[in-house]
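As written, the chain order gives the labels A, B, C, D, E, F, G and H, with residue 1 at the start of each chain.
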Amino acid sequence: MKKCDVEIFMGSDSDLKSMAKCAEVLDDFGISYNMYILSAHRTTEEALERVATAVERGVRVIIAGAGKAAHLPGVLASKTTLPVIGIPMKTSDLGGVDSLYSIVQMPSGIPVATVAIGDTGAKNAALLAVRILSVSDKELRGKMEDYQRKMRDDVLAKNERLQKEGYKNYLKG
Amino acid sequence: MKKCDVEIFMGSDSDLKSMAKCAEVLDDFGISYNMYILSAHRTTEEALERVATAVERGVRVIIAGAGKAAHLPGVLASKTTLPVIGIPMKTSDLGGVDSLYSIVQMPSGIPVATVAIGDTGAKNAALLAVRILSVSDKELRGKMEDYQRKMRDDVLAKNERLQKEGYKNYLKG
Amino acid sequence: MKKCDVEIFMGSDSDLKSMAKCAEVLDDFGISYNMYILSAHRTTEEALERVATAVERGVRVIIAGAGKAAHLPGVLASKTTLPVIGIPMKTSDLGGVDSLYSIVQMPSGIPVATVAIGDTGAKNAALLAVRILSVSDKELRGKMEDYQRKMRDDVLAKNERLQKEGYKNYLKG
Amino acid sequence: MKKCDVEIFMGSDSDLKSMAKCAEVLDDFGISYNMYILSAHRTTEEALERVATAVERGVRVIIAGAGKAAHLPGVLASKTTLPVIGIPMKTSDLGGVDSLYSIVQMPSGIPVATVAIGDTGAKNAALLAVRILSVSDKELRGKMEDYQRKMRDDVLAKNERLQKEGYKNYLKG
Amino acid sequence: MKKCDVEIFMGSDSDLKSMAKCAEVLDDFGISYNMYILSAHRTTEEALERVATAVERGVRVIIAGAGKAAHLPGVLASKTTLPVIGIPMKTSDLGGVDSLYSIVQMPSGIPVATVAIGDTGAKNAALLAVRILSVSDKELRGKMEDYQRKMRDDVLAKNERLQKEGYKNYLKG
Amino acid sequence: MKKCDVEIFMGSDSDLKSMAKCAEVLDDFGISYNMYILSAHRTTEEALERVATAVERGVRVIIAGAGKAAHLPGVLASKTTLPVIGIPMKTSDLGGVDSLYSIVQMPSGIPVATVAIGDTGAKNAALLAVRILSVSDKELRGKMEDYQRKMRDDVLAKNERLQKEGYKNYLKG
Amino acid sequence: MKKCDVEIFMGSDSDLKSMAKCAEVLDDFGISYNMYILSAHRTTEEALERVATAVERGVRVIIAGAGKAAHLPGVLASKTTLPVIGIPMKTSDLGGVDSLYSIVQMPSGIPVATVAIGDTGAKNAALLAVRILSVSDKELRGKMEDYQRKMRDDVLAKNERLQKEGYKNYLKG
Amino acid sequence: MKKCDVEIFMGSDSDLKSMAKCAEVLDDFGISYNMYILSAHRTTEEALERVATAVERGVRVIIAGAGKAAHLPGVLASKTTLPVIGIPMKTSDLGGVDSLYSIVQMPSGIPVATVAIGDTGAKNAALLAVRILSVSDKELRGKMEDYQRKMRDDVLAKNERLQKEGYKNYLKG
């Protein structure tokens, strides 16, 4: 495994399509990362070993996505001092509220930084990691400021288009 | 630790009052058990070690209670071939639906036998353990038949009292 | 009906597609089973008679799937001393939370070992049955250990593929 | 058991305090009833026998209250052609939404006439029974018209008091 | 409007497809009915007038389906002494739990006999109406007994087919 | 009834304690109002007559609080062109989510301006009425600006106190 | 920006398709409006500036739609004395209950007039705006009366068609 | 305001008792912090100004607690590049699920690191801040390792006590 700032875990490759949204944002910010498919239940040792050595391997933030009774983020958080970001996967029966409760309601002592359900959460997990890394990285903070400016500009551009075209033409788009 | 048929785990001593309901039922059936306060997150190694050696120590059923993002039952289930019964603790904010989802919605491959939220679940977990043990224990099965007969008799006695006294007197007690 | 270790009940043939996931796992483990379409409400006598004679017919575990106001697992549990595993079917309006509550929230005295909603639960119900049977069956326990090893190996193989290919190629499949 | 128009079932005497609200309304309307503590799970035979003979014993409406995984109303409905009214008991953890789903979401073929959770439901169950009985009983219908008039008069009297006293005095009152 | 035993109300023709399930069952039992599209909010007077004259027009049961903030069943119930059956329509955002709460949680004094969400509820509403009508109609009761027998026979036939064909062939259909 | 700007309806005097919070705010703003206890179900005619004549009586905003299957706001909204503000009462079993859905999920055509559950909602309903009235009343708008300024000043004063005292002393009070 | 009576805000152009339902109703009533894509988080300054100057620009009602953690309506409401109507967008994972809670549960002091989730809410938001504007606009009130009459006539026409054709032909369309 | 590493915001002093749990943990770790009562709605400018200058004032992590339609954490997150941790306050009607959804379901682009509802969340927010700060602070990381060891030792001590005393004596205390 290469040295990197962020390590991304997911419990199953069925989560990979969502977790790719996370990786894409890190790519955009030029953040190095490793990505693992390692289940909290099926490969506990490997997952624990990975996260337990993360600090000494120079990792600075852990991201973990999991669905249903989503234990992976919490289990990883218990084996490291690094901040762990948890992404609740959307589920076909309960919409992801099961994943959300299993991640966010961590008992006293072991926090998981939980973001929104599904693809939005995966993207935001990466942005949260960037924020955390930029606490001690001025250049990265500058990139985040640019990103926020760009988001603002995008909204303003859309708004301008709406003013020009009207909503009917905009929707035909 | 003494040799026993059942091992009961809880993540915190704040669950002990509920989990005592479980122990009491096992006592009534004369089932031997050990009981541990061992958190999935704070004492992962000790919890995993306990459950990983359970088969060779002659244990036959695992019971685990946990609240909120309740990972303990699922984590234990991943380290043993024994049946693991999970009890979702009641929580003060979400009523225990967080504990329930975190226990029952286990992903494919690692089942947890989930019972009702709170004290009712704690009692029923013990009764489920008795049912599992009685699969290969005729005497124990007899005790469960007695127990079910007694439950029936209790209801019938209450019903009889209701018929005799009427509901107003019954409520006066 | 042939002599068997497990009996699987469902209330309607609309549940059969999910319940087949359960049968397939039992097939893989070489566990003998009977499977019935018997509703708790439409064929109460037949369902009760089946389960009431299960012990003497040598059955050791009962599995029951049901949806909406899912009474079948609880009703069966009240007529036997065997462990009863309940599978909440997914529902089109409430996602299966109705089935889940109707199965898991059993009142004091009659436990149902509840697993996850839908296909995942159906598969896990079979694995829970194997765990229960393997309490007194060393060979079966060996098979479960193999199964868990295989699950671990599958995850590790997927992880290795992810490391080799990267997530973009992995997703292209 | 005396001949009567309505039979009230509850699964446990812990439901009696709520179910008394139901009996009181029937008393007010002069409707004869029997009341039973008979669990769907602990005394299935007795409960089924009671309801199966209800038609021939002259009963015309069944009322059943139950909590948590509340199977009693549905199980009774499956053994009679009489209308069965179900009252979901309030529960300490889930507020009664478990009882509600277990009663109202009955599968196709076996309806249960479900009313509100808890004491309100218990009272309304009796009023629904009166409505059903009054379909073919002109005198009873008259009583229900009186009852509705009285409810209206009560509200109007309270409104008049509010107009006279103002809300501050009313609240002190 | 023709003289009839049952009157069916719905608030919008978007509910008609579900409500048709209700009418079909009444057709099968040979029950006469009228069916109205009359909203509680858009045509309050017409709806109230219809239901207020129902008793004198010989109607014996009211059925009403409505979705979202589903007021129609409760509003009708307040203007008649007849039993009113409410069907919560499935909704695209909340699955029908909004309709369910708006119908079943009626305040003290005005009960609505609530059935399951959606098509299942529509069918069961008709069966509940038949049960109510059969309280004083021996012939109709006989039909309901036949119906229940047929349901039982259907399940048993499906079970027999499953025994003969096995689940794999059964699923191939 | 005196001529007034706002009319407040509630279905039962059990809602009066919450609804008083609404009246107090109107008092503070010097808005004239009438207040009625008039149920949508028990006194439909009176409630409808009141609201139907509201415009001609000079009323400009309607406020209605109701609990459980809370139909009053929606029913009133259907009989007037005035804006109707709905307050979902807190309920002891479902916390008020039943009231909320019954008020906010109004079908297409008849809006109800819904505010928060319980006392907070009652207060905010009055503030919303003030906002609506101030659309065409400059003086009232000035009062609302003062109110918002005062809220701001209150928060800032509390913050200042916190800075001065520290959180430990602040909590001691 | 042109002078107008209503200003419509949305946080993202992904909400535009729903918000168009709102604009169409305003068009039908001949109400002038501006429409903006301005996020509470990405373009806070622009959104606040817009709403802060709304009163002086002659705007009389604000409408805002937002999804998920939907802050836009509440944030706008805090910067104006105008009535703010909030539309909770439907969400793919939680159905819109997240948007609903984020809009309707505004804390004491800052009300948002919340309408139904999704397209129904968007349409009803416009109708609520018309009601608010018609408080001091007799002509507009007349249009709303016409609208309500038309809704009534539409329902009655559908009902008539149902009576003539029967439900089977009606459904064939 | 003194220079500090963490700034804690809350919208109202009614949240102070919970937020104190957060401050106490920071005290234990020797982390400097400022604490503000600043509402997102009542004191928007002051809140935005505070957070907008946080980076230049040397702040490294923002923590914000809020209840109901809890906008404060999200609004703060939109005005800074710092990581923002959100604590959903428990609410008396919905248990805090409204606060949770309003904080965790942030739309794409602006993440909030959400922790558990209520006091547990307040404590865990501080621990998450420590984790974030310790990414670039070896000494602090050492303290977190000590903290985790102490948590482990506490659990093990309780477990030992349980083994010695048995559960009955343990509960007597």
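Assume contacts are C-beta pairs under 8 Å (C-beta built on N, C-alpha and C of every residue); 3 or more make two chains touch, one makes a residue touch a chain.
Computed from a predicted structure; not experimentally measured.
Chemist: Sort out for me whether B-D or A-H is joined by the greater number of C-beta contact pairs.
Modeler: Per the contact counts, A-H leads.
Chemist: Taking the mean of the CA coordinates per chain, how far is subunit A from subunit E in Å?
Modeler: So the centre of subunit A lies 48 Å away from the centre of subunit E.
Chemist: Approximately how many whole Å separate the CA-defined centres of subunit A and subunit G?
Modeler: For subunit A versus subunit G, the centre distance works out to 34 Å.
Chemist: Roughly how far is subunit A from subunit D, centre to centre by C-alpha average, rounded to an integer in Å?
Modeler: 51
Chemist: Note the residues in subunit D that touch 2 or more other chains, in rising order.
Modeler: Subunit D, residues with two or more chain partners: 12, 39, 42, 68-69, 78, 94-95, 97, 104-107, 109-110, 112, 116-117, 120, 148, 151.
Chemist: According to the definition already given, which pairs of chains are in contact?
Modeler: A-B, A-C, A-G, A-H, B-C, B-D, B-H, C-D, C-E, D-E, D-F, E-F, E-G, F-G, F-H, G-H
Chemist: What part of subunit F is in contact with subunit H in the complex they form?
Modeler: Touch residues, subunit F against subunit H: 90, 95-97, 116-118, 120, 148, 151-152, 154-156, 158-159, 162-163, 167-168, 170-171.
Chemist: Which subunit G residues qualify as touching subunit F in the complex?
Modeler: On the subunit G side, the touching residues are 55, 60-61, 78, 81-85, 100, 104-117, 120, 123-125, 127-128, 131-136, 141, 144-145, 148, 151.
Chemist: Looking at the complex, which residues from subunit F come into contact with subunit D?
Modeler: Within the complex, subunit F contacts subunit D at residues 1, 12-13, 16-17, 19-20, 23, 35-39, 42-43, 46, 68-69, 92-95.
Chemist: Where on subunit C does subunit D make contact in their complex?
Modeler: Touching subunit D: residues 11-12, 39-42, 44, 48, 67-71, 74-75, 77-79, 91, 94, 97-98, 101-107, 109-110, 112 of subunit C.
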